[in-house]
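Scroll down for the structure; my scribbles are underneath it.
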Amino acid sequence: MGKFAAWVGYLIVLLGLPQLFDSVLAITIFNQMAIAIVFALSYNMLLGQGGMLSFGHAVYFGLGGFMAVHALIMIEFETVYFSITLIPLVGGLIGLIAAVFVGSFSTHKAGTVFAMISLGIGELVAASSLIFVSFFGGEAGVSADRTFGPPFFGVEFFQDVEIYYLSAGWVFVSTVFMYLFTQTPAGRMANAVRDNPERAEFIGYSARRVRFISFCTSGFFAGVAGGLFALNYEFITEENLNAVTSGRVLLMAYIGGLGYFIGPIIGAVVLTLMNSLLSNYTELWMLYLGMMFVLTVLFLPRGFAGFIMMHQTAWLRGKLSSLFLPYLITGTPAIMFGGSILAAIEMLHHEGEPFGFLFLTLDSGNTLHWLALAAVGAASYFACRRSLGQLNVAWEEANRMDNPTEGGPG
Amino acid sequence: MSILSLHNVSKSFGKTEIIRGVNLDIQAGERHAIIGPNGAGKSTLFHLISGKYQLSSGRITFRDQEIQNRPPYEIARLGLARSFQVTNIFPRLSVFENVRCGMLWQQGLGYSFRHLLGRQTELNARAIHLLEEINLADRADFPAGELAYAQQRALELGVAIASGADLIMLDEPVAGMSLSEAEAAVSLIRKITKGKTLVMVEHDMNIVFDIADRISVLVYGEIIASDSPQAVRANPKVQEAYLGEAALAAAGDNDA
Amino acid sequence: MLEVFVFSTLNGLVTGLLLFMLASGLTLIFSMMGVLNFAHASFYMLGAYFAYSISLKLGFWAGLLVAPILVGTFGALVERYALRRVHAHGHVAELVFTFGLAFLIEEAVQFFWGADTKNYQSPDLLDFPLFTLFGQEFSAYRGFMITISVGIFLALYYVLTRSRIGIIIQAAITHPHTVASLGHNVPLIFMAVFGVGTGLAGVAGVIAGPVLTTFPGMAVVLGSIVFVIVVIGGLGSLGGAFVASLMIGLLQSYAIASNLGMPDLLNWLGLEFSRDHPLNDLWTLTLPQIAPVLPFLLLVLVLIFRPTGLAGKREE
Amino acid sequence: MKRLHRSITFRITLRSLLASLVLSFFGSISAQEPVRIAFIDPLSGTFASIGTSGLKQLQYAADELFNSKGGILGGRMIEIVPLDNKQSPTDTQIQFRRAVSEGLRIIFQGNSSAVANTLNSTISRHNRRNPGQEILQINYSAVDPILTNEQCSFWHFRFDAHAVMKLNVLTDYIAMNPEIKKIYIIGQDYSFGQVVSDTSIELLREKRPDIEIVGNEFHPIGQVKDFTPYVTKIVSSDADAVITGNFGADMVSLARSIIDSGLDIPIYTFYAAYDGITATLGADGVDKIYLVHNDAGNPLPSEERLAYTRNFKRLNPNNDMTQFRITNALQMLVQAMEASQSTDPYDIALALEDMRFTNMSGEELWMRGEDHQIIQPLHISVHTDQNIVVDADNSGFGLYRDFSVPGDETVVDHSCRMRRPRR
């Protein structure tokens, strides 16, 4: 019943968001999130569930998106006649077809071989997209108009918010299906093959076939995400199938947390926000993104979702509240330390000109500012170091086994 | 009636011939042990039968079907299950998922993505039942990688027999266990292989002579004897090649 | 035609040897640690930028000497304090980490040096044509590049096959556990190899920077090609990497030099398509047009048909 | 779904009604609210330096010419709102919608034709769907001819000459040099590179049928490590000159390789100055790089212009005034606002059409009404360190004007069939 409630909650959040924030910008960001969620979830099917590290997942997203835009054009010129609400399905089918073709030879092995093939395919498709101008439209891409299709119950999709509700529907359905996939024999065997392909073969499953199925399903949903992209932006360009997009989805899934179903959703939301909001406050947001990614890989190998799930034991024991104060004690100086590092970076960047940082105005020409910054940084660093002990103690206390033989999920 | 037959099976790695023309017949329902000194090729033989390695020459039939050089999963689907000398489970899946995965194919679920595992009440009940049999029911929801060694070995067995295969091949099932753990394992093996054919590689002679109906002795890639335990024990060739030192080896060192 | 051939060969050699300098380090690292270092070309870029900054103050030669050491040290630190930590989470985590590192280094380079191209010049000492053939100059600096690359190859070969440390490294590649049990400090060897490997990439950056322009995208341009070489050459095989480097260098050079393309093929086949044909882009494709992506085509083909690469023994 | 939709529409209508009420109320009492202009260009990432430089020039023009002199339209300041698009069409969309949601109605954008094209079609769609809330696109740099031809739009104005116009001048210049008999064309394999190739072949055939095109090469954009193999082909083709539309690192690498190989032939191009390129080419590139552009370059044509540029340099020591057309565009935009006494894009657009304007350099500019393409004098300059008053990249090297064509001679036909909105 808890699961059902979670799904209903998910649906309510999806549909409720535009009620809370309804500026054009907010809707734009929600639309981006919707696309990113489906895309990142599909990526997680490969890497998180199936153990296949891909550097070219944007290929299926992009091809799906391109075909979706072409489908919109066909609707506009009345070559075909169907509701644009089905466009994501067009993208999905193209993603699926592309994945069936590539998967037929790339899923033979996981690991490095798979990763390298995905890289090679990604580069080849990205290069082709600039060469085959008649389909891909060169660097300007192809664009279409979504409003020429037959109205969907009176909605003609003039406004982004209408597209958002459509996307939200697709996101919900896609999420449900991707979740259900993990509960099927094919989905579960994907986990098994990820863990131990050899053993999977000895219980009757071809590791290659299992990977192939995951790969194709993942390609399908990546294509659906591409279709959503086409609907939302009404154009698509080669950047949507090149290495940058492939890298971004890897970042999303990894930062969110690979091993958990909700991980990529978290990652998609966080990265979308960073991409669209942080970039307005600092030109260095890509640097921060890189730092965040590397730090996540180093210190939170299971991503944000893993960090949240770490507290499951304490939560189940009802001791989560006992962690609040220790977190506050260590967290405050930690945040201050991070903040002073960021301030230092920004000061280096804004050489010779004052700039606003949070509620302060900093000037790199002012030695006093540097000294103050160094003092805050050093003080918070030591405060953070010193308080780590009490956090550890509290953590141990909250997670201590009542029964020593009983291990908890780590 | 023989369920598994090897005809002139050979295997070379480069220039080294590891298995040299092995002939072997396993009768349906028997408990057959393969013994031999270190490096005799026992594990290699297992790998050849189960499809992990390709044969250099020869023929293997299982229930009158040729299975040599077919991929492991096809062989497994025919009803030939095996365990591994080094624990070989799905470490991040739960214990329950491990055995349930072992059951999926024979359940006819295949690569389906239309069935929800949660709805397979009968399958899940059987998985729980199997966990009870191997005494892991209380660990059902733990990641398999976090189990204690003996428990992992038990799970290894559980995954092997989960499919309900008729022929079960166990590669040193009690290697590395303490005496009491080994005893428990042996009785477990007895219990879960009831009514099935068992082929096992084992170093511990007490266990071998305890369990096996028939014993084959593999020395330098050749079967030098295949007979009842008493006859093998009495065989001078075997004594010369193997049993003399077996007393030393019996403490349970590992096959290379 | 001959002149094009001769110069294409020379160009291919220069590129190929440069690629090998990167690929050799990457191969060494891969053989030892089993991880493909995605950020390898980023160390190459760091080499160029460090050398650029040093050359402003102390001249090119100081840069050539100091920059690789700096890069190598940085590489060793990355291994010691980051990669070793990630190692516990498996190869995928390592690959992802180096991927993130490559991303971070590119951003950091833009932060410290800016996004525009840097005026990193070759030394005046080598600013003369080595020889002129068919009216085209072959600059002394390119000769210098070849010399350095070949020198490094020979030195590497000597160290790996003749010296004690080389023998330990070779053994550690194939039997890491045995080497550890023999009492060698394998983590230290790892760190050293990572440092040397990245240092080699640094050397490549120092000498390539002036010719191939020093800009923040230089790692991306080369990065995946080096990957391709290591994979095609056979993961972990130094000889394979050498052959593959030259092969890729020459392949690209010849592909650019040739004027062949689909039109010729169609001509030969006696086919003709109008310009309005939907596949017109395909029918007008020429080899020089796709030369830079040929390695990726080769990569995919090799991986499909011979996943161990040209000279590789083991998979994964 | 249907009900949901209706409720949304209702809410939107109500909201916009309220908003317009509020706006008109405050609008009447606060006539001094600033005129806000969005600047959408790369401010982070690989192309950040070019975008940032453009932003500084626009900001400078606004401050120097208007804000410091009491503002426009009777005292309103110009506020530039920078929006970072990372030179990505997708991010441009996001920033476009941010601009819309913040009520910005005028967008400056210049870098990358791909971005300009997608922005153009986005704005057309937006304006069609949201009458009364139209957005105006001030394109100060993207040169894809399509923008003022097949895809021309009432809401788009271009303040730079497009590629064909520039090539027209460039080929005129080449045609004047009788020593050039063989030309090699090389470019990035994308639309601009293709336009450069096709157009120069066509124009040269017209102007100098005796010139032989000995090479017509495309290479993938941003993928080439080493241009030497291409240069080998250029050498063996015996070319007397090279035409290329390359930009960024591809331009620098190509020029460096040509120079390094000892090939002493001129390179005719578009984007081979500033942003580190001039410094990198340095002494090696002297008298070899010729580029066509709309700025007069050295010597600066007027005292006013010189003072304006020097002052910019004083305020931004690490930047150059690379795109004087930004100033032209802002001045003309303001003139249109003043003429129509409005900041509404429709009124501005009408006032801009066929506007004639004399810029700070004393040049005559004409915004052709039929296709919204600026007509202005074009110049060919050479990379040198002789007679450089205002250098580039603080390197002592810069561009020296060698050849100029008055605006009316740069005119080329257009195929624009503009759809004008009715009001």
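Order of writing sets the labels: A, B, C and D. Residues in every chain begin at 1.
One rule holds in what follows: a residue touches a chain if its C-beta (ideal position, glycine included) is under 8 Å from a C-beta of that chain, and two chains touch if they have at least 3 such contacts.
Values in this document were obtained by computation on a predicted structure and should not be read as measured data.
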**Message:** Just to be sure I understand the contacts, which chains border both chain B and chain A?
**Reply:** none
**Prompt:** Going by the average position of its CA atoms, which chain sits the greatest distance from chain A?
**Reply:** B
**Prompt:** Distance from the CA centroid of chain B to that of chain C, rounded to the nearest Å?
**Reply:** 48
**Complete:** Taking each chain's mean CA coordinate, chain A and chain D are separated, in whole Å, by 35
**Asked** If you average the CA atoms of chain A and of chain C, how many Å lie between those two points?
**Response** 31
**Message:** Using Cα averages as centroids, what's the distance between chain B and chain D in whole Å?
**Reply:** 74
**Asked** Can you list the chain C residues in contact with two or more other chains?
**Response** 110, 289-290, 292-293
**Message:** I need the residues of chain A touching at least two other chains; which ones are they?
**Reply:** 127, 131, 133, 284, 286
**Prompt:** Can you list the chain B residues in contact with two or more other chains?
**Reply:** none
**Message:** By the document's touch rule, what are all the touching chain pairs in this structure?
**Reply:** A-B, A-C, A-D, C-D
**Residue numbers on chain A that touch chain D, as the complex places them** = 22-29, 32, 127, 130-131, 133, 138-141, 143, 145, 147, 152-155, 158-162, 165, 233-235, 237, 239-240, 275-276, 279-280, 283-286
**Message:** List the residues on chain D that touch chain A in their complex, please.
**Reply:** 1-2, 4-5, 8, 11-12, 15, 43-45, 48, 52, 83-84, 86, 88-91, 93-94, 97-98, 100-102, 112-114, 117-118, 121-122, 125, 129, 144, 189-191, 220-221, 223
**Prompt:** Residues of chain C touching chain A in their complex?
**Reply:** 36, 82, 85-86, 89, 91-93, 95-97, 99-101, 103-104, 106-108, 110-111, 224, 227-228, 231, 235, 278-282, 285, 289-290, 292-293, 296-297, 299-300, 303-304, 307, 315-316
**Item:** Residues of chain D touching chain C in the complex
**Value:** 45-49, 189, 217-220, 222-226, 228-233, 235-236, 248-249, 252-253, 256-257, 260-263, 275-277, 279-280, 282, 395
**Prompt:** Which part of chain C faces chain D closely enough to touch in the complex?
**Reply:** 3-4, 7-8, 11-12, 14-15, 110, 114-119, 121, 129, 132, 134-137, 139, 141-142, 211-213, 215-218, 221-222, 225, 252-253, 256-257, 286, 288-293
